[in-house]
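All chains are identified by letter, namely A, B, C, D, E and F, in their written order; residue positions are counted from 1 within each chain.
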Amino acid sequence: MVMPLYIEKKPEVLITEEGIRTDGRKPRELRPIRMTVGVLDKADGSAFIEWGGNRILAAVFGPREVHPKHMILPDKALVRARYNMAPFSTPERKRPGPDRRSVELSKVIREALKPAIFAENYPGSVIDIFVEVLRSDAGTRVAGVNAASMALANAGISMRGLVAACAVGRVENFVICDLNHDEDMWGNADMPMAMLMESEEVTLLQIDGPMTESQFKEALELGRDSIRFLYEMQKEALKRPYQVIERSVKGDL
Amino acid sequence: MFGPELITHNLLRDYIRELASQDQRIDGRSLHEFRPIEIKEGTFTKAEGEAWLKLGNTQVLVGVKADVGEPFSDTPNKGVLVSNAELLPLASPAFEPGPPNENSIEVARVVDRAIRSADAIDMSSLVITEGKLVYMIFLDMYVLDYDGNLEDALTMASLIALARAEISEVEVNDEGEMIIKESKWKLRLKDIPVNFTFVKIEDKLLLDPVLEEEQVSDAAITLAIDKEGRVCSIQKKHGMFTMEEIIKAANIARSKWPQITDKIMRVI
Amino acid sequence: MVMPLYIEKKPEVLITEEGIRTDGRKPRELRPIRMTVGVLDKADGSAFIEWGGNRILAAVFGPREVHPKHMILPDKALVRARYNMAPFSTPERKRPGPDRRSVELSKVIREALKPAIFAENYPGSVIDIFVEVLRSDAGTRVAGVNAASMALANAGISMRGLVAACAVGRVENFVICDLNHDEDMWGNADMPMAMLMESEEVTLLQIDGPMTESQFKEALELGRDSIRFLYEMQKEALKRPYQVIERSVKGDL
Amino acid sequence: MFGPELITHNLLRDYIRELASQDQRIDGRSLHEFRPIEIKEGTFTKAEGEAWLKLGNTQVLVGVKADVGEPFSDTPNKGVLVSNAELLPLASPAFEPGPPNENSIEVARVVDRAIRSADAIDMSSLVITEGKLVYMIFLDMYVLDYDGNLEDALTMASLIALARAEISEVEVNDEGEMIIKESKWKLRLKDIPVNFTFVKIEDKLLLDPVLEEEQVSDAAITLAIDKEGRVCSIQKKHGMFTMEEIIKAANIARSKWPQITDKIMRVI
Amino acid sequence: MFGPELITHNLLRDYIRELASQDQRIDGRSLHEFRPIEIKEGTFTKAEGEAWLKLGNTQVLVGVKADVGEPFSDTPNKGVLVSNAELLPLASPAFEPGPPNENSIEVARVVDRAIRSADAIDMSSLVITEGKLVYMIFLDMYVLDYDGNLEDALTMASLIALARAEISEVEVNDEGEMIIKESKWKLRLKDIPVNFTFVKIEDKLLLDPVLEEEQVSDAAITLAIDKEGRVCSIQKKHGMFTMEEIIKAANIARSKWPQITDKIMRVI
Amino acid sequence: MVMPLYIEKKPEVLITEEGIRTDGRKPRELRPIRMTVGVLDKADGSAFIEWGGNRILAAVFGPREVHPKHMILPDKALVRARYNMAPFSTPERKRPGPDRRSVELSKVIREALKPAIFAENYPGSVIDIFVEVLRSDAGTRVAGVNAASMALANAGISMRGLVAACAVGRVENFVICDLNHDEDMWGNADMPMAMLMESEEVTLLQIDGPMTESQFKEALELGRDSIRFLYEMQKEALKRPYQVIERSVKGDL
């Protein structure tokens, strides 16, 4: 029997009547974000994202030879993604190896990125995407999608465009963007979202928690606005590999 | 779309897509129409609650079993729900024996998320002794015949099986021993969060796709609607959607909710 | 620690001096049986058997391509069988996945059916047999053999003949057929048995529990008689796919 | 017959089958004769009881280890027996490293079933404190060299190892702590359920087959006989038998029982 | 040298070996010189102690987490140290996802053995209640970018992460419940057992090899030196060494120890 | 929860001031050793070693066909080794299957033997080495290397020469050879070592526990001396297959 040296505490108020959140942000305000592209030597492409307390590394290998061979697709590239949490990424140590959550997230991230990749340009090969969560602090899947999208570009994979991502959600009657740990844990609804920015089509969308018709529409729109902001940062980071690109929204998106 | 991709002839692909462009489908349904839903009568499991449901040719069997155990340390005042789906190899040539894979995990989590996000089960009613002893509910979803749209079939069958479940009452005596009583209690549902799955073919949304429609589709999404008409769970699967398409799918789902719920209420 | 909501109770008397069993049956009496053929759409052949409290589904795929390739037999079909118990098939929830018992039963069932299959007619292919126990109530392996044999026929696999199966056993000095749960659990000997009906040769035989020379002979004969009865039901069910065929022995076989 | 099927030349196959039709065998034995049985002297394990047995060129090593643990909840007044067989990759080119497979599981269960169905071990004698503490007996069967008929070799070696086992006595003191004492007790056998394996070639039954006979045979069956001459366990393996052949095999086995038991009794 | 062997062109092989014969290396270092060592500033994990270290292009991240649990029954007065290495697939095209394999197990054990054999952690200081409750230290080594010599990089990073670790104090109250306090204690190191890895090319020993040097080398060895200059751990990997070469490697390692230790001391 | 019927006891004195060890040996004295070659029928080569309380069986198969095929090396033989402990080889029953220690030892043993094998003589094939510890009593890996080396020779694999092995170590200020259980458990340093005897080059070397510069040199030399002794026994055993070769050092090497 192993006991963690950690106790989860629920804040008394998640959001004030004036819309002030537990970390002092307003509903449409993002946490600080830093992006760095090209941080690894051996990967074909890589990116590092620091977003609030998240630290996430993404790398891409490919197009390369497929193993095992029976997975080869003759007319296009096989796209694989692996989302993995480091044992030291959580307050309580996480056992290494995939669990049900990480298996699902690996699929969701793959499906978020696949529409952006010109897979038909690389028949018979594989493009491997690895997302390693080194430190988790709510929103790891969307942070991972942003980093992985930059790593794909950094690897020179031909793409329809970048995929950018952000979580939105609901705390009481407020639709908010970029949920923090408390909001993720105790809020009313969580909605991670990603878009292929060429056409602003949604490539990742999940919801956990109820939203009314109008809240849902508001959330989709706030998601799109947040994602546009992320997209601008991605482009800037890709222009200056090895440089840290840093930003956050103060006040309002 | 599962596992080793099933090969669909180009002809069939073109035919389905051509039909869709004319608001038609291979089985004659309209775009936003469910296949016939049938709930088989009889006792097929040793579960506390069960439902064998046919959605067209898709057949699923869901069993709800209850055990007793310790609560999680961070939720001492809540019972435990464990959801598991098995894509049996007898249900499709594309399914292989083995531990849960990406597809069976995703579908189980999509059903589970709908139930939890709508708060359909009163988890605190599962507590026997706070922090010590709670009911553990195992929701086992068995796919027997796979002709598309497992999400909706499994969600309906799960809701029925849960609502039907009759669980032995348990007492803890003065010595702290657990006594299983003859009497039973019913696991009531607080909500009926139905899932609605759409595939997209060009600019058309098709509700409740059959296998071949899944295979030739451009994108797929599953949405759960709760009794207040709120979207309480979404899973976009392959492909992509415009924001307008998603809002449209939510509206269609909302309009279909009473019809499905009515079917469910009649058998529980 | 998970505790089941279930207590096993041993009956005071398993069989009366007059040979009346815990469910009221006589020694040579079968429980009610229903057979249905062709119950699944996607499988090449299928059958459903309800026998006492058992509910068992069998399906056959094949002849089809072998994966993994190194298992291919160049001169005949590979025959595989999988016996599996659903988590909700037992009073206490069963963890999904194979255990030692189900691995052995898968082999025993495969060996019971293989002699009936003209495997040499399908060189280089595989015939996959799946037996899913949805509800268990003693005698699942023999019920599974009956269902699987019908599923093979329903799939159009060429066969020397049908395989039918029944358990016999001993409770005190009575040799009985078709053991129920109590007899299986607390009886003195259990003997599942299957025959290829063309030649009435034994393709499955196991014993668990001692029988004298004469009891053993009596058991084999009662087994054969029971199996003949099952065989007639199988033939009838196969003549009328999608129709339920229902029967049981009242009094004596 | 195990794993990747070993290729036997057609010539050898024809030769063995031809010999059998004349009641002869490749190693000169008669049809119902065992190969020489040898029990190696020495200490080869750290088990509480052990036996290294050669049956012709087949070599097996069985070790019996005892631990202490909780009984199963449905048998509070019985000890625990765990049987496990390892088909070591050094025993045959056909064996591969890895977790127990179909063949190792079957052979372990066939040995285990003979022992249990004859009630050879007094399971209630393994109880230290009813419902709380019992001896757990681990019967580990190791196949070192595989030249056919593992069932009979492993059953004999298991019976010897069990009968030889000397296990530390255990006491529970007033504080409920377990004390391991210097003194030992012997695990006595109440019965000697020997297994007899036959293969069938055309209409002949060959007892104790060597590897090549297993490979070219039409069918195989293993029967256990208890001290009262009763058949207490059977496992039909591949192929099929007439009822008459099965009765004949049981009669042969019954007639051989005293000879094998005598061998076993001499070394325990 | 790991997993599916990376192909190095013969030309590069010949070039590296030719250079070595002239006491030179592809990156301009002398034979017994380390690559630049850099420790990244910042917080990258949720561990109690951490270090992100670059050794040339090799990058590793080590996190030390602490939990509380029971001691092993044979060491009731000692805490528990669990060491684990993950060769992440993003670190090299030669690494594949999956459970620990031969290479990740070996490297974790080599680091772990250096720390234990030098008694660098006072294991008895990890006891909260003897025989009942101890701190469990998880040393998780993450390889992010693999350009040779994981052993030395992981050992340095592990020592730093351990020395930096600040762990919540724990009390057991009268009811036997565990109370986690606000205050923290530091896990102090009693020794700094640094690992030194050499590859051999013909008769030359190269310290801190890059990936390509590992691949074309004839042999490899890792030695740990403690603060008293003693060899406290060795792992010969592929190939072979004369006794003289091993003694020479130990002497070089001993002479480099102060330089590496100095680097480590500055950041802890 | 399973508790072993076994208590580990630390001796009060591991070595006396006169250098007498817990089993009465002097520092440079070996335990009794017996070697037998050719003990298995089906393996291509085999050897059995009894060394102190160790009982270890080694067998070699090959050169033979490689499975799975993607492991084939086109220009030389693949060499694989598996070190495995029987469940009954230890005081407390060991769960079957590989653990981290056995995975490492399998690698170390393979690397100890590979330099001796003319792998280039068998391109595209595999040589499989199996080391089964039936009874363990300190020094199993070096005993295993000795046995495996003889099994390779017995299988007729072409080799540069034999590999012999012995553990040395330190207890207090004594450098000793062939550690027994107590010394392995409670001693100050343990150093298993193997040499290819043609050139007396070291093919296995591990240390666990500190040694000063001079102790380390002394240990290496004592290791070499011990290994020379083992080598002579190996040669003799190989000359007389199926014969037991038995020896130990009384007094001094």
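Everything that follows uses one rule, which is that a contact is a pair of C-beta atoms (placed from the backbone, for glycine too) under 8 Å apart; a residue touches a chain by one contact, two chains touch by 3 or more.
Note that the structure is predicted; figures quoted are calculated from it, not measured.
Enquirer: Which chains contact both chain B and chain D?
Expert: C
Enquirer: Would you mind checking which chain's C-alpha centre is most distant from the centre of chain C?
Expert: Farthest chain from chain C, going by C-alpha centroids: E.
Enquirer: Need the most distant chain from chain F, centre defined as the mean of C-alpha atoms.
Expert: Most remote chain from chain F, centroid-wise, comes out as B.
Enquirer: I'd like to verify one number: the distance from the centre of chain E to the centre of chain F, where each centre is the average of its C-alpha atoms, in whole angstrom.
Expert: Centre-to-centre distance between chain E and chain F: 27 Å.
Enquirer: Measuring from the mean C-alpha position of chain D to the mean C-alpha position of chain F, what distance in angstrom results?
Expert: Chain centroid spacing, chain D to chain F, equals 31 Å.
Enquirer: Let me have the rounded angstrom distance from the C-alpha centre of chain A over to the C-alpha centre of chain D, please.
Expert: One centre to the other, that is 57 Å.
Enquirer: Indicate the residues of chain C shared as contacts by at least two other chains.
Expert: Within chain C, no residue contacts more than one other chain.
Enquirer: Among all residues of chain E, which ones touch two or more of the remaining chains?
Expert: If we look for residues of chain E contacting two or more partner chains, we find 100.
Enquirer: With touch defined as at the start, can you tell me which chain D residues reach chain F in the complex?
Expert: So the residues of chain D touching chain F come out as 43-48, 50, 57, 59, 61, 63-70, 84, 86, 88-93, 97, 99-100, 136, 138, 140, 142, 144-147, 167-168, 170, 178, 180.
Enquirer: Quick check: in the complex, which residue numbers of chain E touch chain F?
Expert: 74, 100-102, 105-106, 108-109, 113, 116-118, 221, 223, 226, 228-243, 246-247, 250-251, 254
Enquirer: Can you name the residues of chain A that touch chain B in the complex?
Expert: 8, 100, 103-104, 106-108, 111, 114-115, 189, 191, 196, 199-213, 216-217, 220-221, 224
Enquirer: Mind pulling up the chain F residues that touch chain D in the complex?
Expert: Touching chain D: residues 1-7, 40-43, 46, 55, 57-59, 61, 64, 82, 84, 86-93, 96-97, 128, 130, 132, 134-136 of chain F.
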